[in-house]
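By written order: A, B, C and D. Residues from 1 in each chain.
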Amino acid sequence: MTSNRLDWKDFLAQRRAVLDAWPTGRDVADIEDGLRYQRTIPEDKNFAKVMSRAKASGRTLIQPRAGVALIDDHIRLLRYLETEGTADLLPTTIDAYTRQNRYEEAARGIEKSMTAGTSLLNGFPAVNHGRDGCRKVTEAVRKPVQVRHGTPDARLLAEISLAGGFTSYEGGGISYNIPYAKKVEIGECLRNWQYVDRLAGYYEENGLAVNREPFGPLTGTLVPPFISHTIAILEGLLALEQGVKSLTLGYGQGGNVLQDLAALASLRELADAYFREAGFEDYDLTLVFHQWMGGFPEDEAQAFSVIATGAFVAAAARVEKTIVKSPHEAMGIPTKEANAAGLKATRQVLSMMADQRICADNAVIEREKDLIRREVGALMSAVRTASGDDLVQGIVRAFAGGLLDVPFAPSVFNRGKVLPVRDNEGYIRLFAKGSLPLGDDITSFHKERLQERSKAEGRPVTFQMVTDDIYAISKGKLIGRPK
Amino acid sequence: MTSNRLDWKDFLAQRRAVLDAWPTGRDVADIEDGLRYQRTIPEDKNFAKVMSRAKASGRTLIQPRAGVALIDDHIRLLRYLETEGTADLLPTTIDAYTRQNRYEEAARGIEKSMTAGTSLLNGFPAVNHGRDGCRKVTEAVRKPVQVRHGTPDARLLAEISLAGGFTSYEGGGISYNIPYAKKVEIGECLRNWQYVDRLAGYYEENGLAVNREPFGPLTGTLVPPFISHTIAILEGLLALEQGVKSLTLGYGQGGNVLQDLAALASLRELADAYFREAGFEDYDLTLVFHQWMGGFPEDEAQAFSVIATGAFVAAAARVEKTIVKSPHEAMGIPTKEANAAGLKATRQVLSMMADQRICADNAVIEREKDLIRREVGALMSAVRTASGDDLVQGIVRAFAGGLLDVPFAPSVFNRGKVLPVRDNEGYIRLFAKGSLPLGDDITSFHKERLQERSKAEGRPVTFQMVTDDIYAISKGKLIGRPK
Amino acid sequence: MDAPRVVLGVIGADCHSVGNKILDAFFSEAGFHVVNLGVMVSQDEFLDAAVESDAGAILVSSLYGHGLIDCEGLRQKAVERGLDRILLYAGGNLVVGKTAFEEVERKFKAMGFDRVFPPQVDLAAVAELLRKDLRSRKN
Amino acid sequence: MDAPRVVLGVIGADCHSVGNKILDAFFSEAGFHVVNLGVMVSQDEFLDAAVESDAGAILVSSLYGHGLIDCEGLRQKAVERGLDRILLYAGGNLVVGKTAFEEVERKFKAMGFDRVFPPQVDLAAVAELLRKDLRSRKN
């Protein structure tokens, strides 16, 4: 099963072109330099190690999103988040130009931010700041730092940031394409991510733990658990194939507590089962739960409550990490104070719930876990059939045939025929299943649950109901009921 | 069982003295005037009716605390809370001088507030403002308004506020004495509250629904459910004896979700059982859940999370009403904005959870319910034995003998020998049981649970542990663990 | 009478597609002919589509924070392309960070946008305005 | 050497008893002789107890918001009673509403209090200060 590992010679050949894309690529030409540098990083600043420790101790770590245009400002921001915000793990969120490999525009954003005296970029342009800029950042803080982005072709960013002392790298060939891009061909993207995973695997081979985290929530908008789970597991398999060892799979809060708890429990179980079945044993799996990734309420008090419900689920599910939103979410990139407020609110719930065992032995959770298991099973076996012995090809074919389909995604390579909607208790179900290869038992369960809601609301299930559900949480409800 | 109903002639004789205590008493001398006025109040502004409707529809209503010195400011405040804060029910919190019948000091507070241009009183001095001042307030808003106070001798306040258009009156002869006063004799206080209940009962006899709400949380500080439940049920019995029909019993959040859910479920069941056993049938029982009543975190983001966990329990338990805290709780009486923020945060959680059924069929909840049932049973039968046929005397004797004992209370008539502490999962248990008449099965269960914590923390259970628990939530934890 | 034609899209490197799909559905339902370019639309693509479809208005979304940079010069380019009278509307999370809406509005109006909307805007009201603005442009 | 004597209580019509019990336990543990008057203590009761016990300091709590009204004149009365050198400490939620602590401190110092503390104060630090202040008063 490691047969698809990228050949090292091919990797090195590709590497030259990758590093040539922007002048800062030259600084990382010596691949050994990155290894040497990473060896100097203490254990408690290594993301993989810290995640692993959280798993052993049953703690849930908290991590914000944050990134600004200029190095010193970015350092100040991260320091504030680790002291005032008590963040356990730090991010470096990359700006949207860098994500599209538009380094000239990023350069202009840096300049404009310098003259404006405030960040005009929505993230940290790590490629432009280069290896030494990254090292300045990772050295300036006490906690492990992860690159968080949304970059379809993230090879140069990976080279620079790993050599720059980051010890975790978010993303994957599906999850950083379908929700984040419009015209990026899936096969090409997956191959570029094989490069990233191969690079991380190379660090691992040299005894340096690098954490990899596929982006679980996808479009963040009513994604049924089985869709994001299948993609997370596929990206996990692709990463393991390239030698990745420390793997964090993610899931975004759906809003129904029992469905979310079932989703998190089944993600761990299913991933382990599929990885082992594929012959992988020597890996370290952890989970990340994203607080509500869809539209937030504008009102900050209400936003705090959305954050708290997310924290509540994270605590009850005992995930290793939760990504924290801020009370500014609906309005714009948070100030450092708002970001820290989100962290502190989350910490309070996690601490208060740390020793409690709620929702244990719940029959509804078991029902939902079983459903998710069957749904993921259906998609995985369809992808497998489409794959032959090349998972990349299988994924490409699956998207083309609508066997994989992400709701509301911008990519033209995604069919976009699947429409989710909430049932009468707020569980995310399928209204339109598109070409997803689900059996009748499954689809009729979804249908029944939706009929219940339709009856309760006295209206048919239509796109209007979907729209209502998209808005619901931002308007203070879970379910977008009429009136 | 209505044998102890206050004789109407005695009531009227007492009434003269009550109304003489302060000049504004004269305005309500004609008891029929209050009835006539209440008849003009529409149904949807009647507290009892609105609570009853919430029960029928399974909704949880939200209510803040609020009160300032001057009438116009108070009206502005309440209007803000019902519009911006979306409060379903409004309060009028009475200042602490009025609570001690110190109307001269309240008058000085009004004057000083007028010159200062801001409220120097911690509530609305309803007696000083008199019947017409109260009517101005209750007429100015669209929602039902309740008097919330903490007054051991609340007879004059009741006369003025019921004639003033308030349709609900908080308090009781134990719950507004033991936590709120130092030297008020229990029997005397209970008799004064029989007067209040008789007055409410008189309104009921005349077809006017007046809601009565004993104050559930007592000292708000680690009160084990069975202690507050027993007192709530006793006060309920005393109120029913005087003809009260609309009764809302309360419980303050303890912090362990399952214990809180068990407490709320058992409060409803036990109250009904004891009331029926005592021969009452024609009453309307509803529940109020108080968000965490102990020390709050100073940080507002953390405070929002405490509020949200309370809202979460209220939603899961489907209580009819929840009393909402604000993010300013640790610091001072909230601004109207902070108060509205607490309401909006609560509303968000309640709406998001409204259609969800979590923690149903939970074995731990059943275990805790059974425990509470046995504990309340032990206390109730001890009080009954002490009572003979006079519940008032029974309660006096029970406190004197320590059969009833409220932790941390200021009253010299409370033994103060009971010390609660959290177990290793955050359940509130007994560390010192004082003279509470609990059987060995119960006390050994408490002891075992505490040994678990003692072992986990490697320290004995001492007053230090109690102190640590008192501080815990304000410091971001549920359990006050060392280090 | 023909349905009024509008061009819709999310400008720049912005991938936020959810609001775009809703706007498309809403304005179509409300009786407009919507030419939806989806996400990641360049200024030229907006203008090309407006020319091709003879649209009366361009509805620009920007959610991700780079709105100021991405929208700069759109009005001038429109004039250069002969679209003198075309309406420019902008909406979304137009700048980086929580900012008073008045300030955002001022900045975008200074760049030549006719109307500017915060994310929580009531779309029915926008449709109303759009119809009115299109009518008055016609004359 | 004798344990330094202090009078403790919650002033006015204030019933908040939890902090009072903790303060009593803490200062006793820390080696002070605490005369605890509990809650709802009048100015006269504070001064009587201070005279009787020959205390070096009075620790006044006020939680419920009426602190300004309740504490006014305590220093003058103390002087009248011959307690010229007695230390007056105040702590708790001393005024109505969330207020910058500096402002609260200024107001209470103006009323003659020697030290003023917010609710979140570290009690160990207070014990330290109290010991120091008592020593310097002695001389």
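Just so we're on the same page, a residue touches a chain if its C-beta (ideal position, glycine included) is under 8 Å from a C-beta of that chain, and two chains touch if they have at least 3 such contacts.
Everything numeric here is computed off the predicted structure, so don't read it as measured data.
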Report summary line: Under the touch definition above, the chains in contact with both subunit C and subunit D are none
Query - Chain grouping by contact, computed as though subunit B were missing - result: A, C | D
**Report entry** Per Cα centroids, the chain farthest from subunit B
**Finding:** C
Report task. Would you kindly tell me how far, in whole Å, the mean C-alpha position of subunit C lies from that of subunit A? Result -> 30
**Report entry** subunit A and subunit D: spacing of chain centres that average the CA atoms, whole Å
**Finding:** 54
Query - CA centroid of subunit A to CA centroid of subunit B, Å - result: 46
Requested in this report: Among the residues of subunit D, pick out those that touch two or more other chains and give their numbers.
Outcome: none
Query raised in the report: Linking chains that touch, what shape results: line, ring, star, complete or other?
Result: line
Requested in this report: Kindly provide every pair of chains that touch.
Outcome: A-B, A-C, B-D
Query raised in the report: Which part of subunit C faces subunit A closely enough to touch in the complex?
Result: 12-18, 20-22, 25-26, 38-40, 64-66, 68-69, 93, 95-99, 119-120
**Report entry** Partner subunit B, residues of subunit A touching it in the complex
**Finding:** 255-258, 297, 299-302, 304-309, 311-312, 327, 340-349, 351-364, 424-426, 473, 476-479
Query - List of subunit A residues in touch with subunit C within their complex - result: 96-97, 99-100, 102, 105, 108-109, 112, 118-122, 150, 179-183, 219, 221, 294-295, 298, 328, 330-335, 338, 408-410, 463, 467, 470, 474
